[in-house]
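Chains: A, B, C, D and E, in written order; residue numbering restarts at 1 for each.
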Amino acid sequence: MSATPLLEVRGIDKSFGPVQVLRDVALTVHPGEVTALVGDNGAGKSTLVKCISGIHPTDAGEFLFNGEPVHIGNPRDAAALGIEVVYQDLALCDNLDIVQNMFLGREKRSGIVLDEPTMEQLAAETLAGLSIRTVTSLRQHVSSLSGGQRQTVAIAKAVLWNSRLVILDEPTAALGVAQTAQVLELVRRLADNGLAVVLISHNMNDVFAVSDRIAALYLGQMVAQVKTTDITHAQVVELITAGRSGGLGLATDAGTGGNGNGAQPADSTSGGHR
Amino acid sequence: MSATPLLEVRGIDKSFGPVQVLRDVALTVHPGEVTALVGDNGAGKSTLVKCISGIHPTDAGEFLFNGEPVHIGNPRDAAALGIEVVYQDLALCDNLDIVQNMFLGREKRSGIVLDEPTMEQLAAETLAGLSIRTVTSLRQHVSSLSGGQRQTVAIAKAVLWNSRLVILDEPTAALGVAQTAQVLELVRRLADNGLAVVLISHNMNDVFAVSDRIAALYLGQMVAQVKTTDITHAQVVELITAGRSGGLGLATDAGTGGNGNGAQPADSTSGGHR
Amino acid sequence: MTTTAVRKGGPAAVTPPPTVGGHVRNYWSRVRGGDVGALPAVLGLIVLCTVFAVMRPSSFLSAGNFANLFTQGAAVTLIAMGLVFVLLLGEIDLSAGFASGVCAAVLANVVTVLGYPWWVAVLAAVATGLVIGTGLGLLVAKIGIPSFVVTLAGFLAFQGIVLLLVKEGTNISIRDNVLLAIANRNLTPTLGWALAALAVVGYAAVQLLRHRTRLARGLITDPIAVVALRIGGLAVILGTAVYVLNLERSRNVLFSSLKGVPIVVPVIAVLLIIWTFVLQRTSYGRHIYAVGGNREAARRAGINVDRIRISVFVICSSMAAVGGIVAASRANSVDPNTGGSNVLLYAVGAAVIGGTSLFGGKGRVLDAVLGGAVVAVIENGMGLMGYSAGVKYVVTGLVLLLAASVDAVSRRRAAATGTR
Amino acid sequence: MTTTAVRKGGPAAVTPPPTVGGHVRNYWSRVRGGDVGALPAVLGLIVLCTVFAVMRPSSFLSAGNFANLFTQGAAVTLIAMGLVFVLLLGEIDLSAGFASGVCAAVLANVVTVLGYPWWVAVLAAVATGLVIGTGLGLLVAKIGIPSFVVTLAGFLAFQGIVLLLVKEGTNISIRDNVLLAIANRNLTPTLGWALAALAVVGYAAVQLLRHRTRLARGLITDPIAVVALRIGGLAVILGTAVYVLNLERSRNVLFSSLKGVPIVVPVIAVLLIIWTFVLQRTSYGRHIYAVGGNREAARRAGINVDRIRISVFVICSSMAAVGGIVAASRANSVDPNTGGSNVLLYAVGAAVIGGTSLFGGKGRVLDAVLGGAVVAVIENGMGLMGYSAGVKYVVTGLVLLLAASVDAVSRRRAAATGTR
Amino acid sequence: GGDSGDDQASSAKTPKIGVILPDSKSSARWESADRRFLEEAFKAAGVQYDIQNAQNDKTAFQTIADQMITSGVTALMIVNLDSGTGKAVLDKAKSQGVATIDYDRLTLGGSAQYYVSFDNESVGKLQGEGLVKCLTDQSAKNPVVAYLNGSPTDNNATLFKNGYDSVLKPKFDAKEYTKGPEDAVPAWDNAQATTIFEQQLTKANGKIDAVLAANDGLGNAAISVLKKNKLNGKVPVTGQDATPEGLQNILAGDQCMTVYKAVREEAKAASDLAVALAKGEKKETGQTVKDPEGGRDVPSVLLTPKAIYKENVKDVIADGYVTKEEVCSGTYAKLCADAGIS
């Protein structure tokens, strides 16, 4: 674990019309670590990810990347910082084939011409590492893929690049047994190579198997961010479903949107609202 | 377990253009039982479900419902037989709200006018049984729901009706811990009430927790259909990934599309191709 | 900022707006969140009217001009109302304009050439619309030709049929008084007031009944004060409109008197109410939205998608027939250009300006009326400006753009907050 | 039926079609599976040509008529080629027709009224197209007005601008020989053969190079025999066409000789190759498909969606300018109807008939050419039939429907197998 | 804009004349000639006026009429798009006490106080006679004559056709001439006319010896195809409207003749009547036209159109209808000089 976190977000508020989905959320992500983001359905996990990756503008909050304040206005900004995301709603172009989707926005070229052979080779290699055995052709449109195959393409797309932070929103939800194992192994390998990884999952076994830290969202508030070794399975489930567990989590039921977590040093600074 | 199966399909072939996805598949579903359908990514589980529910026409094969031969040409035919399906690619109308989606195609009416209050009440009650706590309003468009919330709406939609066979394609993939438990409990309850339930899942714990029988697909072939009590966790994983396990599964690697399963009585009849 | 717990309890837990203030706040944050409803179109309309009122104060703002507005926009609005149904499915009907021409030509032939009474002619015209719509719908839904191509073929063929029906280059006059009255006469002032009162009372009854039912079932409902406000609002708007239209607007009262609500106004109003009811309160309407939003999901829900697709073309062509009848009545005749020139583009434009999406799943019949009003105001206002032909086209385009950008900018937040 | 294991091995495991027979079988099952490519449009075209050839054997099948076909369809085809880009994003450009009119009017003014040389005029016309496209694109992408409304406003405004540019109703003649040559003159027979040979050699080089690269990398590739077959096919088609066009088609050889490939043919061919290259082989083209297929996914992949949206309008209007230049050349003059009447509908129709989707994400520039050919054949054939105006419209509509249903029926299996 | 009127209600008593022109595309005359000459005449008479163009759209036509009545015109002059709308407008105006004039086109069954026009049938007649003259000059034997009629939706096109048919039909019947292909050109669209004529030529296997084109635009379309087939100058083509382009084609020998309508005179006559009516005066025209539908004798001023051949192109220029600069540009300067245009 290194001293400066790779990404630090503070005081994030986000509303959709009358509904406030995130309130004063803070999150710290360290390089070389897998941070698991857990929370109930509708807690705001995907929304938080989309705020970080520049898809949704935030109502308030600040982003520090490598200790520097940054502004992420759209997905291009995020990509420029080296942030790669696998979204829960996969966001593949159904009218393009597997290779085209995997290299979308960052096509390999020779001159101005697309370098299809290179892309096809790279795609094949990456997919081979993800145990997907039933894809008939890499030139198949993604609309004809099974749920798990689509998921795999989205994951493969994100790990193709030399990024610094990889965020995976429920990447194994549609995957089979072998494929899930491969992805978890991949996640671990990425972190071991020095990348920061954020993993969203509802599967506690997976979370405890690969993560270094666990951050728990409850009804749009960050109720805890602790080391995986410092917390038990049961405690996490309690945090997810009730918002607190023992000393962790919300102080009172209708408290000010505090970040009652144990492992976050910059806690006091994130109280300010803009 | 009753004598005549509620649904029996035999000799199903299905190709998409040059790719044959299902070959000579047979499946038997009994009322009062949960039949788990397992298989690797791309094995053809969702395709089989879509053939049963009339979404895809089959190239060959026959359907027996309650022992009677039936033709299922489109989803309306399936609905008329009392077959309800939760699809993996949920198929909700993003431009409609939760209540409208749940009653789509079977709206409650008083006279010719839609009976909105009744529908709203029924929807609220059904959703309440599925532990979804973060839905702001039942009049929210489903496009604004989180992944798990959408999943829950789709499940709630399927169980609203007095059906005889409920098929759920990876229903818990996006669900949180508590919601998953609720859905599994619901699945069990449906079967105990005498319905036939088909559950597709990649999670072996869930499969063993609720199912009475397990049917395994491998590369488009049905390699086994056995009682859950007759098989072990490891054996199922082996069937999924390799297509056979001990005496179960494919006889040879390139065998004729046989149904080498133990628990299916009408095995010999399903060999005929049309 | 202290945050109160907004969400708790069961799945139906909602922030109930129990007070008027709360309701207003709720509405405002909905608007800010992009759920703007009719607001942008109305704003666009207000901007337009202001512009024209400033430039031509006496003529644009006169009672006579206000009455003209309705008859001028009626045919396009009626065709646009039918088009909304087709657009809701993400289809298009390019032939609607000339379909209205064909129906008008049938009307004229039956009433003038063959000499049948007016109601036979009207029935014949609407029946023609039904047949046309069925044909188009079958080709689209059963054979699977894209609606753009089918209706482009219809656009050409119907143009030819109109020509054949009116015998190449001449025109057929309409002399029947009932038919002529539709677009040219007015209700008596008393009848105008009576209909307005009926509308307000009916609206109040529906709203209050709904309020009571929902309260009784324990469902969330708007506070009674808001309901009363809505009813009051309608009463004020209708009252003002009827009052203005009942003013004397003859240029020369000695010659003749001219006052009252134009007959097309209740015609449009009744059709608006009927079609809105169909779309919002029947399962048929619900299915239209479903097929438009996600055809595959609708099919999986057991909806007979083909039937829905055919039916919208039938509705569209029938409304085109009604539009054609009004156009024929207004022109006192039918000629080969009836339903031609810009009628179709204006009708589709009206629906789109009102807020109906070309991609299906989003739209209301009211959109057609509001958008039709925008188109009518532009035509009406431009008619008062006295530009030469070229300049007039250019300015019309710019004014349309102005109205549309007011609309677009006020919808802006929708995209910003991700609610689309 | 014995099933051999079709799928095994790693993710890139595919059934390689190593033999010609295998390749043919593979193609056929792809067609049966709904992946039909250009086949339906070509079938429709064949049916149309057969119908006209049977009804008017001597005149329809003459070399002269074959040459006419190209010049008659050129302007619509060029505009349709640009429209494909806009349609690929699921947008529409209703103003393309009159935009071509504006550009043609600029051309005529610069060359005839101001007396500049032809190339200045062409540059001015294309520059006008660029400016128009940029304006439309900015309004759509930056202000967020639906493209239907923006281009409807453009449709009106440009109509006015054409009127103003041609001084409200007069024609401006074009007397410049170079400009007149574009749509009215032919290549010399030798040059025709040379260009055809060049095209075949170029195609062969590209195909063989690609084949070699893929083989070298160990990727799946078509068997060399199939590649050779394709090259041979192109050679035969081009050879026949050039041969027929190089036949003498003057009515009276004593007066003058008339033979060779019309100049518009290489113009269209070059633009077809350029734009196909852009769409299929550059990342810009890839991004157009991505934005059209799923705008949100494209945005998330870091594509600058606004820039893409603006650029397609620029391309569309520039191609409209080229179409306008050809139209002006063909008519020897520019009048207020240039780019008006049915030009726009025919152009969009051409793209859609060719197989481009109105919903975005699906289409090729070749579609515009094939669809343009369908439209041109219909107009050409109908011109030989000698019907009265009314009957002609009706029959044109029906013939269009015929061509489209051949297309729809041959696409049928696509829907049946679920591959769309 | 030509609206010289202020927008005040007080203007109700002062005379104000509204004019509705039909379109700007079927013929160049409406916007480039009629508007100009009417404006000149009204300005000279010192009355307020408002001239608008309905762009071939009946709805717009009625809307403009409504607006003019609303804005207080005292006399309304219309060129109807068809008799139905025309009648509706005239009747409405009459019921509001507004005086009315039919300009150029008679509204059948209408109620206009005056009718001022060229005789459209005689325009067609001149075209027919012109074609016969050119063919006779060429001493053509049994020539094949193709027709390019005007818009099928335009009643005037029918009237022109009646005119030239009255001249040519006897020739066809007498087997002196052969009737070639005949097509109507939708919306008078020149681009479509090009294709239509090209197909006529293909259909006739190149055997077309004369083209009766209903106006100069259609004529030019035919000429462009003839040029392509190197037949220009050998096949006489007619026209109408005396546009600069048509006159140039005549000078170059590609077009046989055009029909010139002295719009200035027509405009002058109409504006005189309108000014009188607007002031509440009555004027005698000494001539009437029978309305076949209403059975009414409408007081009329009828002007005669004039056939223009190479010899008298200069008359059009001398009249100020087109300028010498418009016609005699570039290569045409020499041709102009040859034709005696100075």
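In the analysis below, contacts are C-beta pairs under 8 Å (C-beta built on N, C-alpha and C of every residue); 3 or more make two chains touch, one makes a residue touch a chain.
Predicted model, so just to flag it, every value in this text is computed and none were measured.
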Shared chain contacts [chain C and chain E, defined touch]: D
Longest centre-to-centre distance from chain A, chain (CA-based): E
Chain separated most widely from chain B, comparing mean CA positions: E
Separation of mean Cα positions, chain C and chain A [Å, integer]: 47
Whole-Å gap between the CA centroids of chain B and chain E: 75
For chain C paired with chain D, centre-to-centre distance based on mean C-alpha positions, whole Å: 37
Distance between chain centroids, defined by C-alpha means - chain D, chain E (Å): 38
Touching two or more other chains - residue numbers and ranges from chain E: 24, 31, 35, 152, 184
Chain D, residues touching no fewer than two other chains: 7, 15, 163, 168, 388-390, 392, 419
Residues within chain B bordering two or more other chains: 16, 19, 55, 132-136, 144, 219
Residues on chain C engaged by chain B in the complex (per definition of touch): 6-15, 213-214, 217, 219, 281-283, 286-287, 289-290, 292-294, 296-304, 361-362, 419-420
Residues of chain D touching chain E in the complex: 56, 58-59, 62, 64-65, 68, 72, 75, 112, 115, 163, 167-173, 175, 180, 184-185, 250-252, 255-256, 258, 327, 330-333, 335-338, 340-343, 379-380, 382-384, 386, 388-390, 392
Partner chain A, residues of chain B touching it in the complex: 16, 19, 39-43, 46-47, 88-89, 132-136, 144-149, 151-152, 170, 173-180, 202, 204, 219, 237, 240-241
In the complex with chain C, residue positions of chain D that touch it: 90, 92, 94, 139, 143-146, 148-150, 152-164, 168, 345, 348-349, 352-353, 358-359, 388-398, 400-401, 404-405, 407-409, 411-412, 415
Of chain B, residues touching chain C in the complex: 53, 55, 74-76, 79, 85, 87, 91-96, 100, 104-107, 109, 112-114, 117, 120-121, 124, 127-128, 130, 132-138, 143-144
